[in-house]
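After this come two complexes, each holding subunit A, first together with subunit B and then together with subunit C.
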Partner chain A sequence: MKGDKKYIFLFLFPAAVLMSIFIYYPFLKSIYLSFFRTKGFFEKKFVGFENYKRMFSDDLLGAATLNTLEIMLYVVIFQVGFALVLAVMVDSIKWGKAFYRTVFFFPIVISGAAISLMFVLIYNYQFGLLNSALSNFGMDKVLWLSETSALKAIAVPTVWHYVGFYFILFLTAMSKIPSDFYEAAKIEGISGFKKTVYLTIPLIMSDIKVVIILAITGTLKVFDFIWILARGQNGTEVLGTYMYKKAMIDLNFGYGSTIAVYIVVFGVLLSVLTNRLLKKEEVTY
Partner chain B sequence: MGKKSKMLMALSLVFVLILSACGSNNGNKGAATNAPKETNAPTTEATKEPAPEPVKLRVFSTFGGTDPAKEAFEKVLKQFTDAHPNVTIDNDVMSANDDGFRTKVNTDMNSGNEADLTFYFIGKDAEGFVNAGKVVPLNDILDSDSAWKDGINPAVLELVKQPDGKIMSIPVTGYYEGMFVNKKLFADNNIELPTDWDKLEAAVKAFAAKGIIPISAPFDQSHYLIEHSILTAAGPESQSKALTGDIDPNWELGLNGLKKLYELGAFPKDAATIDLGMAQNYYYEGLAAMLIEGSWAIGGMSPEVKDNSTVIPYPVVPGGKGSGNDIVGGFGSGFYLAQKTFDDAKKKDTAIALLKHLTSKTSIQTIAQSNGGSPAADVEITGQPQVALDGFAMVSKANSISSAVDGKMSPETFTTIRSFIKPIVTGEKTAKEALEAAKKIEDANK
Partner chain C sequence: MQQVNRVTRTKKMARLERRFGASDIFVYICLSLWALTTIYPLFWVVNNSFKVSRDVMNNSFRFASNPVMTNYEKAFDRINMGHSYMNSLIMSISTVLLVLIFGGLAAYVIARFRFRGRNVIYSLLVATLLIPTFATIVPVYELLIKWKLVNTYLGLILPHTSGNLAFAILVIAGFMATIPKDLEEAAFIDGCDRYKMFTKIFLPVSRPVFASASIFVFLWSYNDLFSSLIFVNKENVRPIVALLNEISSQYGTDFGLMASAVSLTVIPVMVVYLFIQRFIEKGLTEGAIKG
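Up next, the complex of A and B:
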């Protein structure tokens, strides 16, 4: 037992070092910097809680938080929803599973920036794919990235990009369900929609919970789609882009760090909340 | 005992692995510079001078990506390495189209990873690393080589002097900004060129009615809209004071001019979400009649667009203090020599030689020839398209040339104004609110 402890320590040590260097140290440094008014990279002045005061009266940060929550809603409903529907469908087909698995998983492999650029060409008002199609049919062009629709338009590629990831998680979870459950269901005469709702979904509930938490925390990291498609304009600013603007473009690292701390606290609160809401007995089989 | 020592060994092994992974860069560099010295030098004939030690220099610039001077710059670097075979140059480039390169330069400067020569903005943007002593004042080096110094236009050197008289960087080409207009679109639609505000409004109305974008400009990256509105409405003197004193009401007047233009339908429908690149694109594709941009925009034009374009100063909004012939321009960037390189006996002379080469008369000519900027030396630029010649003529006739206003305030102040452009033109916020918010940030940054 004593020896085991040593090995536990030994094997955890490298990971702990890396985590400390690349996660804990920058995080602590962000907390430290959030108490300073910085001027570029070279000068900083201690200002106490000034940045936090500014944060609580910052309308733009409030708007960014709401926009992030809106995207989160789309992600949880559509990303997780589509992934589940696709997984149920693919799970129940006899052949071609591997083909669909590859097809649905594929978007994950493409970088977010590349997908965003593709959607720039799809949504562009002047010569975008959608508007070209509309004008070919003699219809008026639509401003896809308008003030009211920009966030929804950006949610489309955001949702599409990661559907495949959750789809694979669900599919794997479903393949772990022992076949005797289904055989029993078959004898009882339960099939189709009922089987999915009363059998499959309850049995993978713990995976659904994990996926929802992943989706919620993942939304806090959305950046590339917003940045490339709309630069945070027209009501699309989210926490990630706002922090980047403050820190990297304004070179105000103090306030940027304050927002970073806010994002972390916000993320932790959200995942704790989701955990509470989804608390349910674990199924074991 | 045995177990303990084994564990210590294992731990130290992990440490060594991590440390060597972190330090591999330096280690390799050391090996690369040392190894040839041992093998080459002693074996060559004793009577000959030993071959010069290999030197590796890193030059950071924005002469990359789609920059029109990319190839010219590569050619200039190659001339140097051809003449000095012992020198290898790492041509580290980043696009100037976004703000990312500012971050890179500042991070490099701050973390001791500065390039030997850095091509970067002159002025407020560079204040941090200049004050921190990361780069060398070049006055003595200039004075010690009169042939090189005399090659550079003395007026240019005067322009880039710091308030304390120090010259920290040497520019290659200058820039100007103005309103590029597609003459052909104007002529085809019988519209007069926008040489004053009334004509500009008339042109905007006429183009908007015909479904042609009058002025191609983005609201987020609205640098040039803001720079011109402020300069022409407030005049060069108020512009140069920036937001140091009270807010000049003419600044408000200038920004309100944009609102007037927006109401007439001046900007693209998607101006809120496009970036500068897309705005240029609309003009290059003939979808827009006017483009407010800098001289570098000429580089991206097709020969046809070049033929159809000319450039004129942005008109003064009624009541504005500008003369109607004030332009934004100057020598906005130059080469900096890192202090670290200067202190490194192995690199110092080569880096200075490379700096001299990059800012020599012939190199300046080569680069100016390709990017259409005004050369920092007294050299003749030939074969320029008419639009570039129109640009030079505009500069030479200008009543005043002011550097862009964003270099006269903190980056955060300027982005605050930028973030207000859309709310101002759509009437959600007023220009006064924008300038007050910006002033607050500027004061907090003092």
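Up next, the complex of A and C:
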């Protein structure tokens, strides 16, 4: 159309400016800063790869990475797993679908901070929901946020929070499967569990892959739960909280940026790896 | 023939139903158990928010049959929850509006214009989704300090708007790409220019995707603790999530107050969600982002 150039420019301009200033420039600047030793905002000295060398010998960062990977494992197995099982179940029932869809989405609406506070109340040693229940049954109280169990205890709300989101994505994918497939399966006498394993799951494999990648990259951003429930103590430090401590509490912007770059690279690598591992011929219908 | 087919099919279904009655029950039990985990903790918190802290401690399961409002009074008087509410709403609603306007315009160009560099822009937007806040926070903080925007509303609105644009543009563009071309041609013949076409056709037709995008942008903005802690953590501009963090560290033993704070944060969003939830799925179904 005539005069399109003007509109292309005009319409893209505001978004381009905002994203350049607040995403692309800061991202490049973070990479740049990762080569400097800094003290506050004003002192910085180019040190080449020294921050990266420090990174590889930083035991705390190693621990944070392992903790993040542990949560990631729970997230991929339980969050994606529960979401898939629940979606298969809701897809198979006749009444009450809308109810379960609405209710399962509840946790996503709640902020991580509010859920964390809720779990502060649930895990509290003396009066929390869990320990009250235990003592009602005459059992001993458990220290839920102790050094040995804190990470697992925090993984529970982390997993629970987003099950509903992936559940909806799976359910949407299943609703797009043409009914001929199921008709054919019925004629062949395939139903129930077999139908799910041999028909439904292969047909939504590409969606499962997307969800796993979303779950993995999402885990790298985990911050709220850890911060409010344990401040990264008791062996719960993850990459997000460690970066926050280094950059914003110690005000070590150089090393903090190095960790941020590490998080991005880690995320990209994991996404590519997952993509490779789950590579399969995609079904189109 | 078809009729017969259908009849035999329903008969078969009926038989299947009888046979799988037990497994149906099992499915409903599992689903209801999960539903219990999403409903009960919420009920537990709201219920406890109407008790004095001592009762929360001693008997958290009992129904608050004679509710007390002390926790709520404390939440508004002592920790100024009302003000944080306002801060949250001002910042999150501004973010949503800016994302919809700027994102909508950009999405329109990407979905409906043919020009060089379009694919590059598209790939760039997808790549942007992989950049977490951690990787931009330090330089953004530096910028905000330089521009004296730390602890102002704009100090959160601008980074939040920018951070949500890539997602919004991709989702809205995905929807706009499916709008039939005839509509555009008819408008062109009627003498609409590109701007009028956007406001008169694409904006109204794309309402569902704008609705669902705005829900997600709102939730992400309203619930984002990390940026709020850094950019707007002073009392006069502090949003509700940052206040919750404050409460957990300062009033960690006042269980009644904590319960009322959680209830106050969650309930309004929940009510809004129940009203607009049908858009969420619509937007997800029609403008789904796929990797």
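Everything that follows uses one rule, which is that the second predicted complex is superposed on the first by the 263 of 285 C-alpha atoms of A that agree within 3 Å, B and C clash if a C-alpha of one lies under 4 Å from a C-alpha of the other, contacts with A are read in each partner's own complex, and residues count from 1 in each chain.
Here is the rule we go by: a contact is a pair of C-beta atoms (placed from the backbone, for glycine too) under 8 Å apart; a residue touches a chain by one contact, two chains touch by 3 or more.
Keep in mind it's a predicted model, so treat the numbers as computed, not measured.
Undergrad: Figure out whether A:Pro14 sits in contact with subunit B (first) or subunit C (second), or with both, or with neither.
TA: Both: A:Pro14 reaches subunit B and subunit C.
Undergrad: Applying the document's definition of touch, where does A:Gln233 land relative to subunit B and subunit C: first, second, both, or neither?
TA: So A:Gln233 only meets subunit B here.
Undergrad: I'd like to know which partner A:Trp160 touches here: subunit B for first, subunit C for second, both or neither.
TA: A:Trp160 contacts subunit C only, not subunit B.
Undergrad: For A:Leu143, using the defined touch cut-off, is the partner it touches subunit B, subunit C, both, or neither? Pick first, second, both or neither.
TA: The answer is first: A:Leu143 touches subunit B but not subunit C.
Undergrad: More residues of subunit A in touch with subunit C or with subunit B?
TA: Between subunit B and subunit C, C touches the greater number of residues in subunit A.
Undergrad: Taking the superposition as given, does A:Lys39 touch the first partner, subunit B, the second, subunit C, both, or neither?
TA: A:Lys39: touches subunit B, not subunit C.
Undergrad: If you stack the two complexes on chain A, which partner ends up touching A:Val272: first (subunit B), second (subunit C), both, or neither?
TA: Neither partner.
Undergrad: Which partner chains sit in contact with A:Met118 here, subunit B, subunit C, both or neither? Use first/second/both/neither.
TA: Touch status of A:Met118: second partner only.
Undergrad: Give one of first, second, both or neither to describe whether A:Lys245 is in contact with subunit B, with subunit C, with both, or with none.
TA: Only subunit B; A:Lys245 stays clear of subunit C.
Undergrad: Just to be sure I follow: which residues of subunit A are touched by subunit B in one complex and then by subunit C in the other one?
TA: In subunit A, residues 3, 10, 14, 41, 120, 124, 126-127, 248 are touched by subunit B and also by subunit C.
Undergrad: Taking the complex as given, what residues does subunit C use to touch subunit A?
TA: 12, 16, 20, 23-24, 27-28, 30-31, 34-35, 37-39, 41-42, 44-45, 48, 56-61, 101-103, 105-106, 108-109, 113, 115, 121, 128, 130-140, 142-143, 145, 158-159, 161-163, 165-166, 169, 188, 193-195, 198, 219, 222-223, 225-226, 229-230, 240-241, 244-245, 247-248, 252, 255, 258-259, 261-262, 265-266, 269-270, 273-274, 277, 280-281, 284-285, 288, 290-291
Undergrad: Taking the complex as given, what residues does subunit A use to touch subunit B?
TA: 3, 6, 10, 13-14, 17, 37, 39-43, 60, 120, 124-127, 141, 143, 145, 147, 150, 229-234, 236, 245-246, 248-252
Undergrad: Quick one: in the complex, what on subunit A touches subunit C?
TA: Interface residues on subunit A, with respect to subunit C: 1, 3-5, 7-8, 10-12, 14-16, 18-19, 21-27, 29-30, 33, 41, 82, 85-86, 89-90, 92-93, 96, 99-114, 116-118, 120-122, 124, 126-129, 132-133, 136, 160, 163-164, 168-169, 172, 175, 186, 191-192, 206, 209-210, 213, 217, 220-221, 223-224, 227-228, 239-240, 243-244, 247-248, 253, 256-257, 259-261, 263-264, 267-268, 271, 275.
Undergrad: What residues of subunit B sit close enough to touch subunit A in their complex?
TA: 3, 7, 10-11, 14, 18, 99-100, 102-103, 106-107, 109-110, 127-129, 131-132, 213, 219-221, 268-270, 272-273, 275, 278, 282, 285, 287, 410-412, 415, 419, 422, 444-445
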